[in-house]
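Once you scroll down, you'll see the structures, which are given as structure tokens.
Shared between the two complexes below is subunit A, which pairs with subunit B and subunit C, respectively.
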Partner chain A sequence: MNRYLPLVVVALGILAFATLMLVIAPGIQMAQRSVPEGLRPYSEQEQRGRDQYVSLGCVYCHSQQPRAPEQAPDGERGWGRPSVAGDYVYDRPHQLGTMRTGPDILNVGARLPSESWHLTHLYQPRAIFDWSIMPAYPYLFEEKPEAAPGDTVVVLPEGFGPASGVVIARPEALDLTAYLLSLDRTYPVPEDALRDDGYARKEDGL
Partner chain B sequence: MSKPRKHDSSKITRPPESYEPWESHNRIPLPVIWIALALGIWGTAMLFEDQTSYTVAQSAREAGEVMAHDAPEGGEALFLANCSTCHQPNGAGVRLAVPPLEGSEFAKAGPEVVARIMLRGIDGPIRVKGFTYDGHMPSFAAALSDSEIAEVAGFVAARFGGNAAELAPGAVAGLRGAAAGKDSWQGGAELATLVADLPPQPAMRAGSEADIDPAISDLIFAGKGDVWACTSCHGGLGQGVENTPRLAGLSGGYLAGQLRDFRDGARYNEHMAFVAKGLSDPEIDGLARYYAGLRVASTAAPSLGGDLARGEEIALHGDWPRGIPACFSCHGPSGFGVAPDFPALAAQQPAYIASQLAAWAGGHRNNSPLGLMDQISAAMSEGDRRAVADYLATLPAVPAVGPDAIAQLEGSDDGQ
Partner chain C sequence: MPITMGLLLALSFVVSLLALGFLIWAIATKQFAMDRAHAATVFGKQGADGPDTDGTHLFDTTGIDRISARPVKLLILGAIFWLIVGSTFGVIASLKLHWPDWLNQAAPLTFGRMRALHLNLVAYGWLSQIGIACMFWILPRIFRTPLRAPKLPVIGFWLWNVALLLGAGAFAHGWTDGEEWLEFPWQLDMLLVLAGVFFVVPLVKTARAREVDHIYVTGWYFLAAMVWFPCLFFIANIPGIHYGVEEATVNWWFAHNVLGLWLTPLGVGTAYYFIPKIIGKPIYSYSLSLIGFWGLALFYSQVGIHHLIGGPVPTWVVTLSVVHSVMMFIPVIAVAVNQHVTVARNTWALRESLPLRFIAFGAVMYTLASFQGSIEALRSVNTITHFTHYTVGHAHLGAYAFVSIVMFGAAYHIMPRLVGRDFARPGLIRLHFWLVVIGFAIYFFSLSIGGVLQGLAMLDATRSFAESVILTKPYLEARSVGGTMMTLGHIVFAINVIGILRKPRAAETPVAAE
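Let's look at the complex of A and B:
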């Protein structure tokens, strides 16, 4: 192969330019913004739940990025205000997601604050939504003839639970629920927040 | 295909082993340059367009902030924005429902009395200009600042009571301190201690808050075997959050009607169908009674980025060219609600209002009497729905709220 050097130089140059524009510049831009006041780091249990969330692959169906009204009617869907970069400070790895097979859940802790709801829904989504295509996660739970003290019993309608006995949430289910309940980005946006304003247009009649 | 070619290649003379393929220095074809150039221009244009979007959104935000911070100036503008929806712009009140301010004994008593009433609200029967009213006035302590209360009180006393006394914002701060931790004024009977020479005031009716049935209480706070507790979603005091609605203070008839609709499938919501399917009629009535009697401070705040001025316009006057009537023409002055069919809208969670309006427009909710809301919602644009929802969230909660409820609510913040 001839002209080896220019080829390598140009290839590396393109790579360096892309890294600068797509990684370094946004990184600097984000690092300058303050952490929102209402946001707190995940607790140990919530972090364990977050690891569950990652390992179960929830991100393949659920996004965590409500959009601005110009981009999608997420506010009317009740999914919360458009997220800003600061909302994800403690999210490593982030779970932004690209698929919306299920609803966006960045604010699921605010709009569905009931722990027992989440446990029912994780055990069997069809117990609540007969049309739901979300997989059930029975292996996060166990069946027992009787609840021991300290056990969290899952509320189930007739026909969805075991014939006898009760369904108890394993620690994995409780961790995951704790993480879901911690998803609440309804606090006010900081002044200097980095927003996605794409598609904002002047409204008619203004 | 490959066989004949193999055959051909054997005929061609092979190049020597040491042969290195090479290409002479050819120019880049012109079309490629054109495409690259076009891509570059397109990219730059997109960059600038994105910048325009940012400027538009930023100026919209700033305009919204300006509106929220120093909205109406002067006592009259504040009065029109906050009081006139009930007391009417001319202060005449609403016959048998809202007491008049014009010529009222309380306006004549001066701005200090007016400010004290605004800071605490009134709950219970009151006699004004020879008529007895029995309603609720919300407290404006949280909604207005000291200087705003001073301005409104001064305006009301001067305009409707002919009392031109001045009230300094500093004095309001003192009154605010005195009112802190106190429940709303218990009707005219308690106000008589404040204003001299009042005509006889009706007695406050005895507290009739019956103890709540333990079975209902269990349902609310602990849930039954196969349903979740009401409070687990609607909050410990029925204050609601995001698209879970505020229930506190909605009329009992409306709440019971909705629960029956959920149970019978006339109103479609999976969560509520799950909960309501096992409820008996007495349970529904008990729940409705409990939530109708709850008094909780507003926890709603504009959160959808709606245009508050547009929302106020629609709530107060509607947009008739588009077929949108004023919200308050049915839902009562200031969105207090008109039992049993028109629920209170004031202080409702904005995400809930917006999602319900969208649901009506899209046909997912259709249990409105005469299909009223279906048509109205469909006539509203997406921006209008957010604007109205955000505006309604700025209104004070009705009925007036006692300090116990506020204390409980603040305490419960950490617990959730």
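Let's look at the complex of A and C:
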């Protein structure tokens, strides 16, 4: 190659083509599909909790995209049905994730619907699972000599709480928990739902 | 579905016609007629005058390097600073995975933030800056003309580093765009884009003022990368238009293209220049480099969605990315034949030149990383490795063992020619080499083995999820050992570079090049 302009024009043309194939075409296709009826937007508190989730970088260990039964036993683990594109229309930014250092949590609100469980687990994951390698988030909580009216007290097993007094959930912890509890895509999917069916066998009708 | 499919078919047809038109134009104007004379562009006007392995080549006979020296020196120093900061965060993040209760007192210390700091600081602080330094060193040389507008890159350097500093503060406080590889808040992204303009303009001006007819293969990679990356970066960071799964496709289209269309061209282009330059003989088969370059552009740009295999995206786009991932064998083999055969025929040069050891090692790692990536994208393999630490090992094989190690070699080759004297203690360069190579080997094998075991455990419904976490712990510990060795190597690297800059002025010989 001996010319600058043709080199750059063709290089950009190839990139534009890739953008069309990987971003624009699937984007158009997904936008045409209906939003599942059971899906609702996040409430204000849930969205605040979601912002906490994003800012603490939870996505680096937790995916939010259960796989199909033909591919992996995600459903048997209680992680939910295979997710479809429509399940995410209210997600900004998306948090699909590429890692399962911890479990998939797209349906954690359905699998573990207890606020108290989540608060304990966020304060100290090893209070529930001794094998867990999830960070603890003590700064989402505060220690007080005793609970005031309206305070949410965190239930802790012997040896995990402070020597005296109680652990109270800060608003950040309550918001984050509200978001986790809102993660529930157990509603039925629309007929025209989109997902990668590449692991389905031919006799399954695909 | 039929509408989409019809549209895609029509589109492919139009694109094929355009590509055919380009091919006819290129053949008619002899763009593809390349011979060994062209391959010798890396040498001076007189052609190859022996290997460039020691101090006898320090003379800057053309005055080209004198102009590039300032921005190159700044960029190398900036890159090394962020390398050490970024890899320290990497080690902390790694330790936190097996010491989960260590450093948990405040949000900025949590794993999620440390990991984001590590990735962004090494990607934009270290890899991008050292790559840009190589562009400023190599392009004026292969164009045989001094760098134009040499003050602009200095401004660009400061803007870039201010953006990084602000970005690091932003992540630590939880201000993030929240997507892997796209964490920088978009306001700071725009500052990075502005800094990029200050880098691109002088290089394009230099390219247009070049005094050779032929653009050497390194030039194709660099010139293309410097238009690809700003476009990618800008589109992916426009706020407010992407959402949901569409945003995920943008995310992985971007993230994989950072590797494919930015870091890889920087690494491959740098190796393409220094290997023949140091050995003193042209590259093995110059016309093969055409396939390598255009193959990379065509195939690498479409592999991104293999990060979403089995996910909530249309099947066809996943399959498209899998196919392109496998097609990557073609350009990679073309580059491998060129670079490895050139080195294999001149193994004496590996004894003579320490920088070549790094560069040749890194070039081999490019081949291995790409082969591994192609295989990893196959659905059958991906179902095991997806969502596991194996992917992290693979990412480091590409970004570290390939790009970073090539860049170490490039810096070791450039520095003496930039300051006009040799390294006082080559033993420390050897120490750096063995620390990062052994450290990386521990890092890579522990994550790859641990990742496969983790993936197999997750696929087995009879084993609890806890088992997949517990079994990885020893491998994560081993990774911390490897990562720490690599970081120590980086400190030795910094000592070497600062050492050559600080040597007393009395010993100086005329300034660097060609």
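Going forward, the second predicted complex is superposed on the first by the 200 of 206 C-alpha atoms of A that agree within 3 Å, B and C clash if a C-alpha of one lies under 4 Å from a C-alpha of the other, contacts with A are read in each partner's own complex, and residues count from 1 in each chain.
By our rule, a residue touches a chain if its C-beta (ideal position, glycine included) is under 8 Å from a C-beta of that chain, and two chains touch if they have at least 3 such contacts.
Predicted, not measured: the structure shown is a model, and the values here were computed from it.
K.L.:
Overlaying the two complexes on subunit A, which is it for subunit B and subunit C: clash or fit?
P.N.:
Pair status: clash.
K.L.:
Tell me which touches more residues of subunit A here: subunit C or subunit B.
P.N.:
Of subunit B and subunit C, the partner in contact with more residues of subunit A is C.
K.L.:
Going by the contact rule set out at the top, does A:126 touch subunit B (first), subunit C (second), both, or neither?
P.N.:
Touch status of A:126: second partner only.
K.L.:
On the A-aligned overlay, A:77 touches which partner chain: subunit B = first, subunit C = second, or both, or neither?
P.N.:
both
K.L.:
Tell me the contact category for A:115 with respect to subunit B and subunit C: first, second, both or neither.
P.N.:
Touch partner of A:115: subunit B, not subunit C.
K.L.:
Determine, under the contact definition given at the top, whether A:87 touches first (subunit B), second (subunit C), both, or neither.
P.N.:
After superposition on chain A, A:87 lies in contact with subunit C alone.
K.L.:
By the touch definition at the top of the document, which applies to A:8: first (subunit B), second (subunit C), both, or neither?
P.N.:
second
K.L.:
Mind working out whether A:23 is in touch with subunit B, subunit C, both or neither, as first, second, both or neither?
P.N.:
In the superposition, A:23 contacts subunit C only.
K.L.:
Kindly classify A:156 by the partners it touches after superposition: subunit B alone (first), subunit C alone (second), both, or neither?
P.N.:
It touches subunit B, and subunit C stays clear.
K.L.:
So in the superposed three-chain picture, is A:186 touching just subunit B, just subunit C, both, or none of them (first/second/both/neither)?
P.N.:
first
K.L.:
Which one hits subunit B, of these parts of subunit C: 81-89, 207-215, 243-251 or 477-485?
P.N.:
With the two structures superposed, the offending stretch of subunit C is 207-215.
K.L.:
Could you list which residues of subunit A make contact with subunit B in one structure and with subunit C in the other?
P.N.:
2, 68, 73, 76-77, 82, 129, 195, 197-199
K.L.:
Considering only the defined contacts, which subunit A positions touch subunit B in the complex?
P.N.:
The contact residues of subunit A facing subunit B are 2, 68-70, 73, 75-78, 80-82, 107, 110-117, 120, 127-130, 155-158, 186, 195, 197-203.
K.L.:
Please name which positions on subunit C make contact with subunit A in the complex.
P.N.:
Subunit C reaches subunit A through residues 1, 4, 7-8, 11, 15, 18, 22, 25-26, 29, 31, 96-98, 100-101, 104-107, 110-113, 115-116, 174-180, 204, 207-208, 213-215, 220, 223-224, 227-228, 231-232, 235, 243-251, 253, 257, 261, 290, 297-298, 301-302, 304-305, 307-315, 317-321, 379, 383, 386-389, 391, 458-461, 465-466, 468-470, 473, 476.
K.L.:
Quick check on the complex: what are the subunit B residues that touch subunit A?
P.N.:
20, 22, 50, 53-54, 56-58, 60, 223, 225-229, 232-233, 235, 241-244, 270-271, 274, 303-305, 351-352, 354-355, 357-358, 382-383, 385-386, 416
K.L.:
For a test of understanding, state which residues of subunit A touch subunit C in their complex under the given definition.
P.N.:
1-4, 6-8, 10-15, 17-23, 25-31, 54-61, 63, 65, 67-68, 71-73, 76-77, 82-85, 87-96, 98-103, 125-126, 129, 131-139, 194-199
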